[in-house]
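My structure is below; once you've seen it, I'll send some questions.
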């Protein structure tokens, strides 16, 4: 049978970076094809070329056996190609409906079409069991829901070839499962699907074949049936990946953080956090599990001083955090950081780094006042030396501290943030989604760092939606749902079903 | 001071007459900025189209030729801005300011070169745009209040005034209820999303800038061939900046921008009326202090009433397909 | 040899529809009649004024005519440095043995047009539109009001200023808008002293069938039938005379205040407004004119520190 | 259109030069149209602005003011604030300075008067920017709008104050009285007689000093780091513990103070009295300078000198060439901003191609 898509000798470079070199492989019609590789391996670039977003420097693409020149996204769309991008391509201040209509409005006036499209969307939602309100505005939606909108867009446009670039990075297990349900349905309908993911289990679960890329080249393409996670990991990073990292025995020290009766309401009086209370001790990792959007982010924001609680008490090393008597959180993160609380923010691009600063400048963000030299000015020699050491220790690539951090891959940006916060030698470390969108090799090294931190006696509060990650790191697990803590487990009691129930709001009974 | 001293009627009519310059430019700015291109060059485009409109209207003795020529020049400048913003990916603020400054000089130099009247065009005389007299005005004119409203408040203005007011619902419709508007807003908010959805961002922005250029040209034409009957150097007198202010004030939304323009028009009219009048409490304010009334009111309204204004997210950043 | 002459305009430029333009006209008339050329420069800031004057003085000019009060400090300074060069300062007073300062009694001319306006007004409401609220403009306003109230103490004078920045001299839309507003308040004669902005006022008066009064030069012919008269301020004559005096060797330094008597200011009556000026108006204005010249009527000049009496 | 791939000498020198030439080419066309010789005009321009020492002195004199307004706009831009109000802030700075002079110029010696004047200018300029800063920080009122409004308000207020309180009796000129000699800034011509009777004064050094301090503070101090972080990413700045609202207010205060200092050169250095609308657009030119100089101290300096040279050279040009009105300079300014500021990468593809050909 004709392959649906065939790449022949695709090459693409960005300046000196060779993103794709002589990439050739074929994707069978009606199959689900996995694409894996480290961060920066060239997966997204290749797919962007297929989608007409970039143009290849050389090589050709065949669709159904015919050479096609795909110069723009419009042309790709016209050829039946759809893509769900790694970073959402949604207009935040518009409704789902408008986002779906954008680019395929079907006439100059929107009004006559709107009702029909809305009806069709509702029908699609019902058929594929997608929980999306077509009239909701994007910025009111959770990440998971936004992901569903992206899928919805593609279903609406009835793409025959669907590219999904890391669609599951921000989804919960349940959301992923229902996405896969939909993909299987697509497959039954004869659509071709290309799935990029860093989660090898997903590759095994759903794909028919898998292509592995490294350094812009294809390392191999294998049928999924005959491969294992270990094989894939080996092909991806060229070495063995250890999933269960060794750790020192659980031996918690004195209580470091004591949260009592914490409440948070938003401007409209909606309760975001209710009755949050827990204790965190030195030398332990407490993970907060839960579907994203259930108050974890808000809790981290409060503890790091980025946001004020409505009421409640938070004691750090026996003293209350200075929330009282403040009208806003302006400058509070500084006070809290000075107490010895470090914070790896969940949204690294928004909060964690200044994209237009160099890597070096980003390594002092938040600690800028601690690094003064003569006359209160920066001692850039010392800072650069420190930065070089840090980049070496945490294996930040490329090892050039003058580069704008925006040019680094997400994984490498994350390493810089983690290194910065670790180097501050905190008593308490707040960690939000540390490995989102990061490849397996990097995940391993990030996990190593966090465990080393724990072993050295730092108290760590970890928010993660990845149960795998929770299992790999946590000593104790708190589960949150609807702004409340619905349950607590020790790591020995780890049980996916039980946690799933708690995440869904089933109370500790 | 009695209520009558306020001459509310006069203020309202004056508001209606003052506002179009700002409305046209404000709507132009709105289009440009909602598509992601900062348009601080409104002032320059107003000035250029005011000059060309007056010059051509005078030479051909036909206001419509003047308007058409002004439109052409304004489109040209808008295209230049678009070229800088979209193709060159240059700094849009710089482009706008450059256009403002260059036009301030060029209009004078050319006007002086052609007409030798100190950067002024001759009075265009009968080539001015006529005022519309609504049907039945004569009959109803003497009916108290209603007659005045019909003959003076609603009627008796230039066609451009009606165009300006009609523009507000039109812009609203275009922006929110058409493909053009949907794509335009998407380009201003998240051009990457628009591009991925198959919208040609560059083309959309070019077209938008041209439409904005057309709208802006009416502002200039209104100034020179409706309000004044000739062109005078720097006669835009900051109208472009005020329009921009009204737009930011109106949170980049047509109706509120329109209200912002009306507010400026209204307070400019009030300011005229209270000059030299004994006011309660403060007494008679000196003229120079009264001049600040519209501006002080704007600041107060902005600080007191309005929620934070939120600019289109992609405003001012060129669309580049990489990080 | 022909004298070397120069005119230095202030920031308004030589086409400001006001005193700079008038100076330009005077100098041009001299050039036409004598064939003697003159240098002209515009000084856009006070700093430039000094620079220009010094630059010209170095060229050993015979006479430099500085137009506008803004150049006062510069003239005073440079005149001291170059005692051999002669200076004429218009609208301001500068000390120096080589400076002739010429000011005008704008209040007297304004008084006359105030009289004419009050006589012509049916509503007994007059309007005044100034460019910026500065002493010079206030002088016009006060003289105008004095004249109007001399005709009828009950007359109302509405006064508006165009703005507070240099743009105020080039904003005909606002000049027109102010006129409209005044007409709405019942005004039927308006006096515009606002440079280019005043053009908008005259234009609007014509459009609305009201009367306007021009300023500085004789603007009667701009809209015949709508311009009641003009308050002419003969800066042109001042410049022309100075040039002539230099040519004839009769130039003298000093301070001159030119009023009606000296022919510095006047009202304008010509074919264009002949029909508007009824015999009664003419008689009354001429009467007032004679009274002022004879000293029987004293028009208050607010620049002397006195408050405007009306 | 990626100029990152080009060597530094090309982006730093060749391209700006080509852009400048393009602007001049268009200008030449206009001058030709006006009936004058472009080459002669250029010669006059260059000669009068830089070659002739007196002209150069004037160029630097104007540049001194422009450096301050350029710095004022730049520092605000670093913090992500677009301060369009330098015009009004400089105007108010002139008021602060003048009030100080009127109060003390007959009682204090020169060495004390100068700092007092500088302080007065900075203080009033800063305060005039404070309110827009405060409203932005606390009420979210867009600083672009408020600063535009404050320009208008400043014009009205100054008009009122000067006419009502400052004109000496019997004077027509809407200006304050002349300050005493003690209040005059020392001029450089007393050390360099070649500069002739020109107003270039020690505030030029003050401007250079301000540039240096600005350069050091923005690139080397933690304060500057915080300012830039705030400008580039408010969320990250908040995360980093920066007090955003305080930062906005402080930066606006400093921006206003810098704009206010622009008045020192014009008023204390040249006219020695405060007159109506003495700012004459220097604040707006500051915007162009900040944008063209890309908020870099060297860039600001070069742009300020370029604009100073145009002011001076253009003035002489219109003096010598009767067919070229002074307004032509405004056109040239606009063209230079357009080519050098907005279309800075116009020739990047051409140069890249030529370099590749050579390889």
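We just call them A, B, C and D in the order they show up, numbering each chain from 1.
Just so we're on the same page, a contact is a pair of C-beta atoms (placed from the backbone, for glycine too) under 8 Å apart; a residue touches a chain by one contact, two chains touch by 3 or more.
Keep in mind that this is a model prediction, so the values were computed, not measured.
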{"item": "Centroid comparison with chain C (C-alpha atoms), farthest chain", "value": "A"}
{"item": "Where chain A and chain C are represented by their mean Cα positions, the distance between them in whole Å", "value": "75"}
{"item": "Rounded Å distance, chain A centre to chain D centre (Cα mean)", "value": "46"}
{"item": "Whole-Å gap between the CA centroids of chain B and chain C", "value": "34"}
{"item": "CA centroid of chain A to CA centroid of chain B, Å", "value": "45"}
{"item": "Per-residue overlap in chain B, given as positions that touch at least 2 other chains", "value": "119, 233, 238, 286, 288, 291"}
{"item": "Sequence positions of chain A contacting 2 or more other chains", "value": "355"}
{"item": "Shared-contact residues (touching 2 or more other chains) in chain D", "value": "152, 155-156, 159-160, 163"}
{"item": "Touch relationships between chains, expressed as pairs", "value": "A-B, A-D, B-C, B-D, C-D"}
{"item": "Parts of chain C lying in touch with chain B, wherever the complex brings them together", "value": "13-17, 21, 130, 132-133, 158-161, 163-164, 167, 170-174, 176-178, 180-181, 184-185, 196, 199-200, 203, 222"}
{"item": "Contacting residues of chain D [partner chain C, same complex]", "value": "58, 61, 152, 155-156, 158-160, 163, 167, 169-175, 178, 197-199, 266, 270-273, 275-278, 280, 315, 318-319, 322, 326"}
{"item": "Residues of chain D defined as touching chain B within the complex", "value": "1, 30, 33-34, 82, 84, 131, 135, 139-142, 144-146, 148-150, 152-153, 155-157, 159-160, 163-164, 284, 287-288, 291-292, 325, 327-335, 337-338, 341-346"}
{"item": "Contact set on chain B toward chain C in their complex", "value": "7, 9-10, 13-14, 17-18, 21, 117-120, 123, 223, 227-230, 232-235, 237-238, 268-269, 272-273, 275-276, 286-288, 291"}
{"item": "Complex contact set, residues of chain B against chain A", "value": "177-180, 182-183, 185-186, 189-190, 192-200, 313, 321-323"}
